[in-house]
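In what follows, a structure is listed as structure tokens, so that the remarks can point back to it.
The letters A, B, C and D name the chains in turn, as written, and every chain counts its residues from 1.
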Amino acid sequence: MPIRILVTGGTFDKQYDEIHAKLVFKDSQVGEMLRLGRCRVDVQIRTVMMIDSLDMSDADRQAIVQNCRQCEEKKIVITHGTDTMVETAAALAGSEGIGEKTIVLTGAMIPYAFGSSDGMFNLGSALSFVQTLPPGVYVAMNGRYFNWNQVRKNRQTGVFEPVVS
Amino acid sequence: MPIRILVTGGTFDKQYDEIHAKLVFKDSQVGEMLRLGRCRVDVQIRTVMMIDSLDMSDADRQAIVQNCRQCEEKKIVITHGTDTMVETAAALAGSEGIGEKTIVLTGAMIPYAFGSSDGMFNLGSALSFVQTLPPGVYVAMNGRYFNWNQVRKNRQTGVFEPVVS
Amino acid sequence: MPIRILVTGGTFDKQYDEIHAKLVFKDSQVGEMLRLGRCRVDVQIRTVMMIDSLDMSDADRQAIVQNCRQCEEKKIVITHGTDTMVETAAALAGSEGIGEKTIVLTGAMIPYAFGSSDGMFNLGSALSFVQTLPPGVYVAMNGRYFNWNQVRKNRQTGVFEPVVS
Amino acid sequence: MPIRILVTGGTFDKQYDEIHAKLVFKDSQVGEMLRLGRCRVDVQIRTVMMIDSLDMSDADRQAIVQNCRQCEEKKIVITHGTDTMVETAAALAGSEGIGEKTIVLTGAMIPYAFGSSDGMFNLGSALSFVQTLPPGVYVAMNGRYFNWNQVRKNRQTGVFEPVVS
């Protein structure tokens, strides 16, 4: 069975709008990234939304939960802004109907459109963790994975750190 | 305990020598790639050799086996040329003293020095598989992992494929 | 005699601040760009300011004029935001004491820090025009050069166009 | 009248063949480079050959001369391997029927396909010199231009140097 990839936006997928001189969302670049990575994992990509995770509402989170609940796939990768990735992970973990699924949230500190992005590394990492971790909700950043309730983003350093619960 | 990374060369680590107009090996770029990926996994990198895998001798393979056997770490990633990655995986699997270790070989079809490389994706993938797979010898390419004796490189397409054993 | 390069900021020199998730100015990247271009032209680089050209005040423009007037070099390249590049060119053309100098303003639509920037192309272009054009004030964008009073930026397309004066 | 661009290959246009793990020629990337540079100069691109300049025969050079002689355009940029760029410049300068044309040869030390290429810088430079230099045959490298008989490539450093004639 394929792996479901849900795209929600975040720094990961920001692009540069040269007319207005700012970072914006256009179409997701996840498909292009998988081609660049010569990825041969069977995936189904769906763009659920394209927003900054700081702008994500409760309704947006419920839309993500719904997508995870309703899709047939048992393994799901979610690309997400880093600022509220942990909140969305908690919303997923607290929802019914996803208990048998392995869900891995990932993102990037630098947009993929920059040459120096961490996006390819993180996407390769998340796609690998989702294939091997038992059911549950995880955050995959900085080459590591964390259970949804044992991680936080350090806003000073930009690094995801373990939390002693 | 940290993860051991053994560097052996391969396309992954080729660089362009502008004076002689050809691809060569200089120092490994694996450390720089991990910095770019904002990797926070505790790793120990050792360059064992810097060669094309088509030039790899039995003695070279034994040097890799020795490094895997003698290091304290239980989890090992090996960067390797793709052409004989499967042979080295077989040499490792047939050796004594590594049975309790998880060893993941990876590489790239395009040198990291090119903007369009699959190296970052593969490195993120291999580092993630090694953290979650049980002891054994694996090849991680194209976002997938394979047991050492269930994979081959398709020379026409450049893709690693499952082999029915 | 060397060529003077005056750095004033603009899109050209924007970088990504991954902690605050926005484009900012840090140190100028012009020196690095010249190294990447294997440039062997004798240049003196001076950072006059690092600002968006939409934020440029009359006093800022006078600082640029002063720098052009006082430097010994007869050939000057100015890196500048594209939105008010033409205004600064006009301020220079209307000033005393620079009549014998060749001054070329250039910039970029995409920050150099992006892989897809037009910055290297424009920098190579401006440095070449300044070596060969007679004294005067010019804008060099899109591979072309324009006299200061015969050009405007088309805000819809981002392209610099000739103006019939 | 447009500028003629003649493509002959060279490091400039080398690409990586991931199946055979070597640098090869495919279609020229000059058109893509001009798009990336947001170039609005009116150009006509013609691929005359795609070869290493060390493999260039007298007949190949005559083909380049013929193209320069027969095209309507008075301004011509030639992309060329660096090793024998000066020989081709000499062949052009010694030929009849091109005396009223401005011809600028350029190339790159690093293939454009690498993120770290000097190709965009050199292409921007050559296109600018050809618009402003008087009729003659020139080499444009390292941000500088040279008359055809006053330059050589330093094979140790890869830099084009003035020759006292």
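Note that in this section contacts are C-beta pairs under 8 Å (C-beta built on N, C-alpha and C of every residue); 3 or more make two chains touch, one makes a residue touch a chain.
Since the model is a prediction, treat every value here as computed from it, not as a measurement.
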Treat touching chains as neighbours: how many steps, at the fewest, connect chain A to chain D? 2
With centres defined as the mean of Cα atoms, the chain at greatest distance from chain C is chain B
Chain A-chain C separation of Cα centroids, rounded to whole Å: 39
Please report how many Å separate the Cα centroid of chain C from that of chain D, as a whole number. 26
Whole-Å gap between the CA centroids of chain B and chain C: 45
Would you give the residues of chain D that are in contact with at least 2 other chains, written as numbers and ranges? 109, 115-116, 158
Under the stated touch criterion, can you name all the chain pairs that qualify? A-B, A-C, B-D, C-D
Please name which positions on chain B make contact with chain D in the complex. 11, 16, 18-19, 21-23, 52, 83, 109-111, 113-116, 155-158
Chain A to chain B touching residues, read off their complex: 33-34, 36-41, 109, 115-118, 120-129, 131-133, 140-145, 158-160
